[in-house]
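Multiple structures are listed underneath, in structure tokens.
You will see subunit A twice below: alongside subunit B first, and alongside subunit C after that.
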Partner chain A sequence: MRNTILLVLGTIIAFAVPFMFPAYQNQFAMLWLMILFALTWDLMGGQMGYNSFGNVVFFGVGMYITAVIQRDLYFDIEEYAHVAGRIDALTPDQYLTGIFLGMGVSGIVTVLVAIILGAGILGLRGHYFAICTLGLTIAAGEIASGIDYIGAGSGIVTPVFPTELMAKGMFFYFVFMVLAVGTFLTNKWMLAGRFGLAVNAIRDDEDKAEAMGIRTKRYKTMAWATSAFFLSMAGGAAGNLFGFIDPINVAFAGATFGVWMVLMAILGGKGTIWGPVIGAAIFHITQELFWTYLFGWQRVALGAMIVGIVVFFPQGIMGFLRQHWPHLFGHKVDEQTTVEQGATKESEA
Partner chain B sequence: MIANLSILFDAPIFVVQLLIDGLLIGALFALVAYGMALVWGVMNIINIAQGEFVILGGYVALTVANWGVPIVLGLPISFIVLFLVGWAVYRAVICRVVDEDLFISILATFGISILFQQLMNQMFTADVRTLQSGLDTWFLFDDMVTVSQIKVVSFVSAIVFGVAVMIFMRRSRLGQAIRATAQNARAARIMGIDTDRVYAMTYSINAAICGAAGALVVMTWFVQPFAGLAFTVRSFMIVVIAGLGNLGAVAVSGLTLGTLENFAGFILGAEFQMAFIFSLLVVILVWRNYRLGRERKVLR
Partner chain C sequence: MSMLQVSGASKRFGGVIANEKISLEVPEGKIIGLIGPNGSGKTTLFNSIVGYHPLDDGSIRFEGQEISHLRVPEIARLGMLRTFQQTRIYGKMTCVQNMQISKPNRNEGLMSMFDRFPKEDLARIDHLLEFVGLYSKRNLLAGDLSFGQQKLPEFAMALMNEPKLLLLDEPTAGINPTLINGLIDRLKRANEEMGITLLVIEHNMRVIMNLAEHIYCLAHGEMLAEGKPEEIQNDQRVIDAYLGAH
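Let's look at the complex of A and B:
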């Protein structure tokens, strides 16, 4: 009953926010994107123990595929170079077809990419996996900035949003909301069943999980492909929200989005359902405050924040709550049994 | 790409040029990798901030040179400064993650690396900087091959420096304590070795090695606030191939990597040189895993 009320209330707030704060629509759209980042990372890093710095690769790939489809559907490259920044370049219908087709295609393509990459990379363990994926992100950025077809180092300008449709911020707010909620529900649904048990077994001890007959490779690939699917669709939309794609600083941004998604999941508490959501919200607000009040030094502050969170708060908010108020999570301490167990232990000693 | 390759076949003298340049820069990679192997072996920490220490060492040498200090002193000064920086970083952050899960320490050092990048970006701007050594260039083979003397000087000093560190590790009391801790930290503690101090010294010595390498890098090559991660990845590759605590293998892999990178930069074009390094990392790790996997015979 209480949950239903909360759910209804949450839905109402989520739908009301862009109308109540029209000036902050982009900010709230970004907030949904951050939540999606944290959730997709947590499926890999938190639940499965495969700490990846490379998930942002799929984000970038999705971004590029969507932008290229939007461009090539209605223009050839020469022509596009002249109309890219023009408001009337695409009609609303063309724009919607382009963006949703692009997002769909990039979702499918990145799942395939994840499966192919996963065949090689997902066999790596622990820190080798972490550093390999870090290398993957930077390699992807460097390769993308050498290919002329996708604009090389100067990137691609995405088509201008046709404002007669609705406000740009409003459109992307709902796109990202649908994607983030979709990711959340998928995570929840997948983790509730056999998949969740298998993935957690892999996190706890992969060799034992293998010995118990769990087909670890299949589950690892599934988790990676799921992350890739949602990340690439979000990437496609994000490219349009930002308005232009730069290979190293926007698409394959290992030092910003790539680290932030790890950080948000850890801040909230990795390996929990709600942790990444809370972590993303807090991180996004803090980061915006840094941007406003520490301008010029905001990135330095972010670096310090990474170190601070990782060193002093590695259990995350959910972990902290669980430690201090276990009854909130349904962990009950039966005082009578505890006392009895203590007594037997003492008598044995 | 094909055109560049055919140049190499038509004019083999370019091969000599690339080979010399590659070997001379490779010694620096080996030096940095040796520091990483030291920290990895002793503390079981992969220091992602390795490259940032190199770049910071370069900036220190550059700054003191701008103050009018003789360039020769740049190397010892950045050695000392980076030793202190390493000590401070250990006391502030690393000592709290030594016993933690490996991913926490990777993430913490990655955070330090981002912090240092941004600090250097604020202090020295994002421009590419070099330090003119004022030394001449040798022209060999009818002026077809150029070898700048500073590269040779840096090659020799990297080797001398590496050997000095190795002798220090073998002979000195502290070196013995460090090696004992690497073998078994618990047993070392029982024997009365203050492992916390050993860790601090190891991390600081590593930072100091990086600082010295950085002083050579700024004279032979360039420094830029965001160029550090490439050094980290290079040393990681070298250590993965060479293994921990094998200085000979580290030197060979370092020289090989330097040469390979130079050839790749020439054949693929300079814009793909970084892409080559980072892709090579992925390839090496996947290949290593494939080889291990064949022996392990895991369920597929």
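Let's look at the complex of A and C:
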């Protein structure tokens, strides 16, 4: 009952926010994106213990694929060069077709990319995996900077949003809301069954999991591909929200998005359902406040915050709660020592 | 024909000869012992049998099938499981969760990745946890149990997996003498009531003499002796190996 009330309340607030704060639509859209970042990262890093600094690659790939599809659907390259890099002649219909087709294709392609990459690097453990994925991000940025078809080092300008449709901020608020909620529900559904315990087992002791006959590779690939799917669709939308894709600072932004997704998940509590959501909210709001009130020092403040999170909250908020009040999470000793006694107690209750 | 048949298994690590032409057999339904001084190559032999590392030479057959080229999870799914000398459990998961994920995964398709946990599982889990004496602690994180206690969920997890053959690497190490009797009893019941064949590495002579019908003794990576418990107990070579007179 209480859950239903909370759910209804949450839904109403989520829908009301862009109307109540029209000036902050973009910031709230970004909040949903941050939540999606933290959730997709946590599926790999938190639940499965595979600390990936390469998830942002899927974000970037989705961004490029969507932008290219939007461009090539209605322009040929010649003509595109002619309009001097600005695509502003799209009707609402063309815009919607382009962006959603692009995001759909991105989702499918990156899942394949994840499966292929995964076959190579999901066999690495611990630090080796982390470092390899970091290399992947750097390499992706460099490669994208060298391909003329996608604008090389100078990037791509995405189509101008047709404002006759609705306010741009409003549109992206709802796009990111749907993606983030979709990610959350998918995580929750997947983690509620065998998949959840299998990836947790891999996190706790992968050798043991193998010795027990668990098909670890299958679970690892599934987690990685699921992250990729949502990240790439988010990337497709994000390219359009930002209006401009730079290979290193926007698409394959390992130093910002790539690190933030890790921090937000850690801050809220790795390996929990709600931790990443809470972490993302706190992180994003704090960061926006830094930007507003500490302008000029915002990067320093952000750096200090990152150090603070890692030093004081290594377990995150949810981890802290679990450590101090384990009984809230059901970790307690029973008085009953046999099944029979336990059954008697349950029937009395 | 024996359930497990190791013939001429050899394994070297650089210059160290850990196993040299080891042959042994484990017939179905029996409890077989494997003893030997520290460093004699017992754990290495287990590792070779379950596919943890490739053999340099020799063959391993499980139920007649050559398995020396298979990998750890594949062999586990055939029904041969091992426990670790240094106990391994999933520390950040509760004992019940440790058990739930230890269900056999022999014939699972892609979608069974998302299976839920049926009620019958829970009944069986409660039962097995009671069997090893962990029922009251079933909702604790397995990593919060003491090191000695962690042997219990590891054993229960192995039973949950319904193996045909279970390889136990020093199941009584670190367990206090009064509890050891209970453990011997449970191992015997797992063998008799659940029909699980056992191959047990053990340093505690009293335990292995009580448990096994047939014992193999390794020393310096080679098979030193084999026989019935009484024969092994009185074998001068075994006595010398244990006293270090070589």
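Some points to look at:
By our rule, the second predicted complex is superposed on the first by the 315 of 349 C-alpha atoms of A that agree within 3 Å, B and C clash if a C-alpha of one lies under 4 Å from a C-alpha of the other, contacts with A are read in each partner's own complex, and residues count from 1 in each chain.
As a convention for this text, contacts are C-beta pairs under 8 Å (C-beta built on N, C-alpha and C of every residue); 3 or more make two chains touch, one makes a residue touch a chain.
Fair warning: this is a prediction, and the values are worked out from it, not measured in the lab.
Legend: residue contacts after superposition of the two complexes on their common chain; A:L328 is shown touching neither subunit B nor subunit C. Of the two partner chains, both subunit B and subunit C are touched by A:T216.
When both complexes are overlaid on chain A, the residue A:H127 reaches subunit B alone and has no touch with subunit C.
Contacts of A:A255 after superposition: subunit B is touched, whereas subunit C is not reached. Contacts of A:L112 after superposition on the shared chain: neither subunit B nor subunit C is touched. By the touch criterion defined above, A:L6 lies against neither subunit B nor subunit C after alignment on the C-alpha atoms of chain A.
Within subunit A, the residues touching subunit B in one complex and subunit C in the other are 210, 213, 215-216.
Residues 50, 71-74, 76-77, 81-82, 84, 88-94, 97, 100-102, 104-106, 108, 110, 112-117, 126-127, 130, 133, 135-141, 143-144, 157, 161 of subunit C are the ones touching subunit A in the complex. Remark: subunit A residues 189-190, 192-195, 197-198, 200-201, 203-205, 207-216, 218-219, 222, 271, 326, 330-339, 342 touch subunit C in the complex. By the touch rule above, subunit A contacts subunit B in their complex via residues 51, 53, 120-121, 123-124, 126-128, 130-132, 134-136, 138-139, 142-143, 145-146, 153, 210, 213, 215-217, 255, 259, 262, 266, 296-297, 299-300, 302-304, 306-307, 310-312, 314.
Residues 46, 93, 96-97, 100, 102-104, 106-108, 110-112, 114-119, 121-122, 229, 233, 236, 240, 269, 271-272, 274-275, 278-279, 281-282, 285-286, 288-290, 293, 298-300 of subunit B are the ones that touch subunit A when the two sit in their complex.
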